[in-house]
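Which chain is which? They are A, B, C and D, in the order written, and residues in each are numbered from 1.
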């Protein structure tokens, strides 16, 4: 019997070590795997590479992980936040590396890793500072930048419902980066608000097939 | 008020002329816009380029369109059918052009057109006859073939439900090529089994946003 | 230089909103552009897109009716209007990058006479640059309209010959709405279409860094 | 050459099915490979993928319970098992091409000692070639097992040093199940693992076009 449910955050995160590349889902306060990020903080890791849309923001545990010095490099689209953050200070001190990627290119690079596209062209960022040093090619009269797939060792994602095969649904704008990250990582750990019996999720409406998910921890939040 | 419903197949197909490039959804007998293809046959067109998964099969109106001589070129993954077809005869006589594309590459090229990716690399077909003459590049130690986005003037798609904004759902394995074709064509014409009032489709479960659809004809089939 | 006074920020948003036709799909950037939605009546069906995964953003929720799962790209709580759809990031940016948006309304640091614009980085050291979806919108929307103050703090012109700030996208902007004027960008550069009440062409030209045709 | 007789087609499918562990995601090609599903008991949870957009294909429907909207890649009516999910073509091929399938079981015209295989075109003129998803499966699945008759009509070997038919994919096949034997493909070529009952290594080698280690 396939059963991907695990009983604790600790069991969910087992195997994540120093130097791992992690994708963390979420946009703003919605769709972030908060309990998993809190669990990461408790592990006291070093040299992580984190791929996430935001970095400096004042929501979720990521800023705390940054403050803790666990992160060597952030790949994101929007590290800026209101007020000065630990991220800004570490960046200014050269203690954290930042790769800034346009949000759509970030999404497409993550998707590419999950779907077996090693590289693709995009007109986004052509002629800007974010394309400097990158290969370009004119296709149909328009300059496009060559971008490479972005994979990860682990993805931490937040779902609304999950079954024991790891099938997931998301709620509202909580979908965001979660499905593409689940597919892009070699090992995907989901936290879900609700456990459902196998067969209870409508096959038409599964948003991440269980194939992309290795472990599920049901957080049992009130929401 | 946005209202994409049209009262007839004729109104749905208005504007499709000789030489147009058309995408036609469907896989096997499921998810094919039969009434629209029948309407195309009635228009007596010439020199069409058709992008579809199948070509020679004995289901739907496409073989009839081929037999009629309306089609100059087919881009597909699987033109073979049981028994000799009109397609085979035209191909042997040099009266129809065939571009054969691996099914996943076909899907990804169509998707690429809809999402603004002008070209991408794929390991599929590397080292085979279908990559002959194509640019390749070794990425992460693996040879990959450069493939270009595949767009169309029109897409004909079949949906299960539709609202007046053109939001669509699909049923069962009828989804197949329909969502990516809807996004890839400059003008998308859908036939749907059921009209729904605006707001009746669950926003979580819309499979093609109305933005990708220009006209909807409700076929009112019994199914 | 005498202080000149044009449209208020709500008036700027209202002026731009008046030009959005029914049926368009429109992305509104964070900040001032977000106000535009307030001036498009619900019965003029405009489909607002938010890049975190919404097509069909509705008005802000009534107090007590907030759904914490429904936010826009500016992290504000939203509602959905009938006809809305939700999607993940890859699909949401497919809407933008696949050229399915009729319009993106963005803020700007600078707009150039050739349609280049800059709105994501001042290039100053020690400040983490943050691009979000700006470059995708700049390169992907069918049209980009910039909504911004005509003049920066300190009296520096924001309408310029060539951008000095790092670019967001090249040659994308077709129209600029400021507190002072509405300006088209054409093959021959800026063309002044309308001045705020009480202002003359000379007033607007005086605070612009490039000729207004 | 004496006629040798090995496993029947159902037996071939049964033999292969025995080697699929619980939890694997598996795509079964059209034809003989499709039979494999019949020999995986439902309580051994194997997730069958069909490239037209199904994960979790169940048994054929009972008469009267057919749903015309539910077909597999071979256009046969199917059911879904609990835990199944449906998707469009881009997502379905993402499963294949993104290396998420543990196994693809495909038919073959030829399999070479270096893992190359050919199953989509005889290269004969006047016959429309039809690739379908074969090249995607060949390049994308973590493992490719070929299930085929050991010898072609006319006694021509199908296990060969190098394929003469147009390739489907290079170096992908890790195991071959035939009516006569089970053969691994290793860095040093074919390795015979098992013969059908009553057959010897010499019997199988005699009808193979390359050495069996």
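Going forward, contacts are C-beta pairs under 8 Å (C-beta built on N, C-alpha and C of every residue); 3 or more make two chains touch, one makes a residue touch a chain.
A quick note: this is a predicted structure, and the numbers were derived from the prediction, not measured.
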| item | value |
| --- | --- |
| Count of contact steps on the shortest path from chain B to chain C | 1 |
| Approximate Å spacing (C-alpha centroids) for the pair chain C, chain D | 55 |
| Distance between the centres, which are taken as Cα means, of chain B and chain A, whole angstrom | 33 |
| Intercentroid distance (Cα basis), chain D paired with chain B, Å | 28 |
| Rounded Å distance between chain A and chain D, as computed from the means of their C-alpha atoms | 35 |
| Numbers and ranges of chain C residues touching at least 2 other chains | 86-87, 90, 93, 96-97, 140 |
| Shared-contact residues (touching 2 or more other chains) in chain A | 108, 115-117, 122-124, 171-172, 204 |
| Chain contact topology (line, ring, star, complete or other) | other |
| Chains that touch, pairwise | A-B, A-C, A-D, B-C, B-D |
| Chain B-facing residues of chain C, complex | 22-23, 25, 43, 45, 47, 55-56, 80, 82-87, 90, 93-100, 140 |
| Chain B - residues contacting chain A, complex | 108, 112, 115-124, 137, 139-140, 142, 144, 148, 169, 171-172, 204-205 |
| Complex contact set, residues of chain A against chain D | 1-2, 113-117, 163-165, 167, 183, 198-199, 201, 203-204, 206, 209-212 |
| Chain B residues within the chain D interface of the complex | 27-30, 53, 55-56, 77-80, 87-88, 91-92, 98, 100-105, 107-108, 110-111, 122-130, 170-180, 207, 223 |
| Complex contacts: residues of chain C adjacent to chain A | 50-54, 67-73, 75, 86-90, 92-93, 96-97, 121, 126-136, 138-140, 166-170 |
